[in-house]
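The first chain written gets the first letter, and so on, giving A, B, C, D, E and F; residue counts start at 1 in each chain.
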């Protein structure tokens, strides 16, 4: 059970409803997920976070599916249950197949493994990796 | 300074040299980075890890550049200095532009932020995200 | 379900009951939360941890509410479900309003974001931050 | 050495200089720290992050010093070197004494300890903590 | 509910059944736990991970019980619910008593605490710790 | 450079010197490492942490070497540079061979990998793991 009340559309202020409307319009859905309903307790934070998500996850140089898979990678690394569910769903909506999900998790798992080997042996960064030319 | 000796090619056993040779051949380079030189203190672990990296990072359903960017995302999330340097270099070698790197970091940063908002408010997972049909 | 039995007051040894009594007295409550009932399987560890909590969370130079909010910040960052629930409750008992909770989470989220941007870009620490005079 | 070039004021575009000017004005300083110089490689991200920092760390219901200490708590928990240096400096500028810093770290350390005890024993969340009335 | 289907023995391909058979034989059990049933959606990853577990957790210079306890320590530190349950069970099967579990958790908790004190104060590594002769 | 002054023995108060003396006596050394010199800025915290370390790392049901290796496992998982150096040195002093260190890191790396696979696939905990009888 969430630590704050989840604000439903019908009970929301016009300010909150406007953000909910924008979320549904941008995503082409007819519902808003709980994450936003929790944030809605503070309309200014709700608006701020949505503007950030819109800007960062919107059109850019990276493919939208790639961005969702990166989101899943970070969420699995941090062990965030909510975000793993929500962004895996989003990535599937954008075309992530089961084979791609399995391969993504393999990369995430391996990266978490070698991160600790490098940290544990305190491996010196190669000079070649520091050059930026 | 690493916590174990870094084994150079010239002093390595034939077993270790064979892995080094394979690393250089697969990557098309004429040098081996320090990570492997640290692992080489235990040839069985060296071989195991290299076989894993070859299998996971080799051809599959995901683009090789995407896999390197996922690796960078995980490494930055975990704060692994060595892996952030080495996989950013690898991603750049595979074509990651500065604009792509900036956008990748924006996604990684945002995911780390919303992971904590979801965890902090203990947001309930929406039923819609749990369906798998 | 916990991985160890939760020791209830009625079945506890006098040594454990003494710690439970002290917890209730210091906190002005008539019950002990599950965390302590789990630790009670090893009375020496129970006593050690309670002494630590009493010393660290007791009177000092920081406001008790601030200390509870810092505890929530760390727990949300680590994704500890139990601690997020228990310390959010404690912070609310000490006066944390809903507006304060929302603002606290905003800071926690942002810090987790910029932590990864700094780690991902490997930003050099400014010399000005290293001075201690 | 940072993985991206640090953009100095003199070589920055007017768009970046405008953000730098705002940072210095809001903070009452005559210099900009490296974090922003790294972000400046992507002016849109620079502007986005600065707007977030201004909003979240600006006036609200929490004391500015408390917010900086929460930032330090998160950064130490995540092991972010850059952020620990920069936000400890900021907290000291806002009045954090050495005694307060020591006490803050004691809370951070203890929270990290009990987070793992709760996670390791998988302690069930008390029903009393789930009520929100 | 898992994000992928759990593949039961009866519906598994011969390739997957062969891995399941090996898991049961090596462990002397007549069932396979859910972790492997999730991985089985990608038989190549299933086989790769099982070969890794067999090699790393098999006979070596460290006691098998010690290795399981290290696994529990890492899982509790990362807050991985599944792994904490499964490896605590494995450690108990190998002889971990309740007293040993409590002591293990005490070490894990303390290490997580001092990790943050060292990170928060940015303590310089003593030269004596860097020598390897 | 540490964020607090490192208090040397010669300049320390009698209260701090007493802790330093106890550290050296318990460890059979003639020097104190920087971690304690940082904590010494707050004598009460110094004493508290040392009493905790003495109790947790002292004689118990687990072998002292095992406890040091668990400490290294946690420190590598968290990426704590200071603690990885200091506790690897301590483990070597207690008899950890290079082969044991390599095997320990292999377990730590693998645990970090499977932790993320379990978290990423959100694998349901097997009922068999929840029984405690």
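One rule holds for everything that comes next: contacts are C-beta pairs under 8 Å (C-beta built on N, C-alpha and C of every residue); 3 or more make two chains touch, one makes a residue touch a chain.
Only a predicted model underlies this, so the values are computations on that prediction, with no experimental measurement involved.
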| item | value |
| --- | --- |
| Mutual neighbours - chains that touch subunit C and subunit E alike | A, B, D, F |
| Labels of chains that are neighbours to subunit E and to subunit F | A, B, C, D |
| Superposition of subunit A upon subunit C: rotation angle, C-alpha, nearest 5 degrees | 120 |
| Equivalent interface positions on subunit D and subunit F, same or different at half | different |
| Centroid comparison with subunit C (C-alpha atoms), farthest chain | B |
| Distance-maximising chain from subunit F - centres being C-alpha averages | A |
| Centroid distance [mean C-alpha coordinates] between subunit C and subunit B, Å | 34 |
| Geometric centre distance via CA averages, subunit D-subunit B, whole Å | 27 |
| For subunit A paired with subunit D, centre-to-centre distance based on mean C-alpha positions, whole Å | 20 |
| For subunit E, residues that touch 2 or more chains besides their own | 1, 3-4, 48-49, 52, 56, 77-81, 84-85, 88, 99, 103, 105-106, 108-110, 112-117, 119-122, 130 |
| Overall pattern in which the protein chains touch one another (line/ring/star/complete/other) | complete |
| Of all residues in subunit C, those that touch subunit A in their complex | 79, 84-85, 88, 98-99, 101-103, 105-106, 109 |
| Interfacial residue positions of subunit D with respect to subunit B in the complex | 3-4, 41-42, 45, 48-49, 78-80 |
| Partner subunit E, residues of subunit D touching it in the complex | 72, 76-77, 79, 81, 84-85, 105, 108-110, 112-117, 119-122 |
| Touching residues (chain side subunit E, partner subunit B) in the complex | 1, 3-5, 44, 48, 52, 55-56, 130, 132 |
| In the complex, subunit E residues that touch subunit F | 1-4, 6, 31, 33-35, 38-39, 49, 52-53, 56-57, 60-62, 66-67, 69-71, 73-75, 77-78, 80-83, 85-89, 97, 99-100, 103-104, 106-108, 110-126, 128-130 |
